[in-house]
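So, here's a batch of structures to check.
Presented sequentially are two complexes of chain A, the first with chain B as partner and the second with chain C.
And now, the complex of A and B:
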């Protein structure tokens, strides 16, 4: 493990311990009240979810055209994290929506594209798991298509009624709301980096073990 | 040279298919049974649900398309002919385009049977704007087949290819299906709003361009061992 891993893990743990206090002390939003606080978990996990998808897509492209197995391991690790953070996003979203919109789910552009992005990453993992030998290239191709989809679903936003809060909300937040949000976002980002590093390391060791077995056979 | 290889691959596929008609018959029969299942499930007391026809048409197209894709490449796998095709001194993208055109042709034949059938069972006035309908169907089919051909070709080597093809294909092609359903639903409205249909067809064409470009770009590295 790199030197920065343990200190960063400690920082991340402390941040996750402190962030509920910050969230609890943040003022109530005037119209939504208590339920708005879920936003401090929903938004950071959604950001990390998208970040993971981008990491997976870029690493897949580099693997496909350069053939570097390290990029492939990175893509796999990122895809697993996309599934995890996607679940957090897709569970916290409806919890808030039930209170704010009165329904659990809407076939809104933002929701549909998130769900599809999440499904592509699940399909990616299924392919890695059950595809057998040679599936890593197929998975890389899938990840590329998955990444290409995202902007297109956003285009149809104009022709679709959307009720999801827009991205313009974040920069205009007052400090009392912004501080816990950014604190929580950094904590999630650290968690993502740590988990990614740990997962890549597991794959690296697996690869080393495989080469050891092969050299022992020879 | 490129067009010649495309033509040769396409002609080979058509010739094999015309001799047995195996995939065409099974796909069309499957598509018809699919529509029948929907008719039994949804048509009650002789009345079809309003606005259901567009969705049912596209579901039948997607399902039968998946079946055709799987069968086409299964035939190539059994005789190891895909390997021979890839060994040939021909540009890989040309092979891909040849296969793609074959699949589009097969899906088009299925659609020619499907559209009147859905129109009949679900009382949908599909034929009032035939040119628009053809544009929507063609652009949607190209988008679906572009991804499908690449994935089916990739999966030829995978162990669990039968189940993985739909698992991988549907999440990626959902935007195409959405756009196709919306455009078809707009066509069925009594007063035609050309702007809406134009928007969805334009979006479908965008998907086609992106998917075909990506597939041409990735076909070579993905199919190389």
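And now, the complex of A and C:
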């Protein structure tokens, strides 16, 4: 592991320990009350979910056009994280919506496109796992569609009628709400970087193992 | 002819009777339905002032959300560490086997 890994892991752990204190001390939102505090994990996980899809897409594009296996490993690692953070987003969102909207789910454009983005990443992983030889290029093509979906997910709330809050909410948040949100967002971002590095390391080790098996058979 | 006349009379009486009874049925139904409905709300009611049966407790939803996040991340880190450990063990075993057989 690189030198920065352990110090960053320590910083991330401290931030995750402090984050609940900031969230608990944040004021209650006037209309939603206590349940609004789900926001502090829902939104950072959604951002990391979208970031993961972008990383996966860019790495896949580089793999497709340059054939660099390191980019393929990065894309695979990012796709797995998209699935992890995506499921966190898709579970915490309905738990918040049940109280705030009165329903678990709405087939509106933001929720549906997010579900589609998550399913593209699940399809990517299934393809890598069971697709056999050559599936890495098919999966890379799929990852491009996953990345193309990201801007659509982000701006969808501004263009279509929806009950999901628009993108103008976060920039206008008062400091009392914004501080715990950004703190939590940085903690999630650090966690994403750490997990991505660990997952890439796993693929590197697997590649080394494959090379050793081949040299043992030769 | 007699049958047609008889049928027309019966139909006329039935319509007349229905016309007489209907307003009272309608009034009764409307009154009953209105009585069963809650009093109309003519202004905004804050969520914390709603009657208890209309309030959904937030705490279980919040606890479930945070517990899910923690468990999900923990499970993923454990799974990743296990996979890394497994590959590392295989690597070390294979490297030592190759060393013993004189190949590297």
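Note that in this section the second predicted complex is superposed on the first by the 206 of 218 C-alpha atoms of A that agree within 3 Å, B and C clash if a C-alpha of one lies under 4 Å from a C-alpha of the other, contacts with A are read in each partner's own complex, and residues count from 1 in each chain.
One rule holds for everything that comes next: contacts are C-beta pairs under 8 Å (C-beta built on N, C-alpha and C of every residue); 3 or more make two chains touch, one makes a residue touch a chain.
Note that the structure is predicted; figures quoted are calculated from it, not measured.
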Chain B and chain C placed together on chain A: clash or fit? fit
Item to complete: Considering only the touch criterion stated at the top, classify A:1 as touching first (chain B), second (chain C), both, or neither.
Response: neither
Touching A:95, do we find chain B (first), chain C (second), both, or neither? second
With the two structures laid over each other on chain A, which partner does A:214 touch: chain B (first), chain C (second), both, or neither? neither
- prompt: Which partner does A:148 reach: the first (chain B), the second (chain C), both, or neither?
  reply: first
Tell me the contact category for A:24 with respect to chain B and chain C: first, second, both or neither. neither
- Please indicate which partner A:137 is in contact with in the superposed arrangement: first for chain B, second for chain C, both, or neither. first
Quick note, chain A centre (C-alpha) to chain B and to chain C: the enclosed angle in degrees to the nearest 10 is 70
Min C-alpha distance, chain B to chain C, superposed, in Å, is 24
Dual-contact residues of chain A, meaning touching chain B and chain C, are none
Interface with chain A, chain B side, in the complex: residues 147, 150-151, 154-155, 157-160, 163-164, 167-168, 171-172, 174-175, 178-179, 182, 196, 199-200, 203, 206-207, 210-211, 214, 218, 221-222, 225
Contacts from chain A onto chain C in the complex sit at residues 31-35, 37-38, 41-42, 45, 84, 87-88, 91-92, 95-96, 98-99, 191, 195, 198-199, 201-202, 205-206, 208-209, 212-213, 215-216
Interface with chain A, chain C side, in the complex: residues 47-48, 56, 58-59, 61-62, 64-66, 68-69, 72-73, 76-77, 80-81, 83-84, 87-88, 90-91, 94-95, 97-98, 103
Counting only contacts in the complex, chain A reaches chain B at residues 64-65, 112, 116, 119-120, 123, 126-127, 130-135, 137-138, 140-142, 144-146, 148-149, 152-153, 155-156, 159
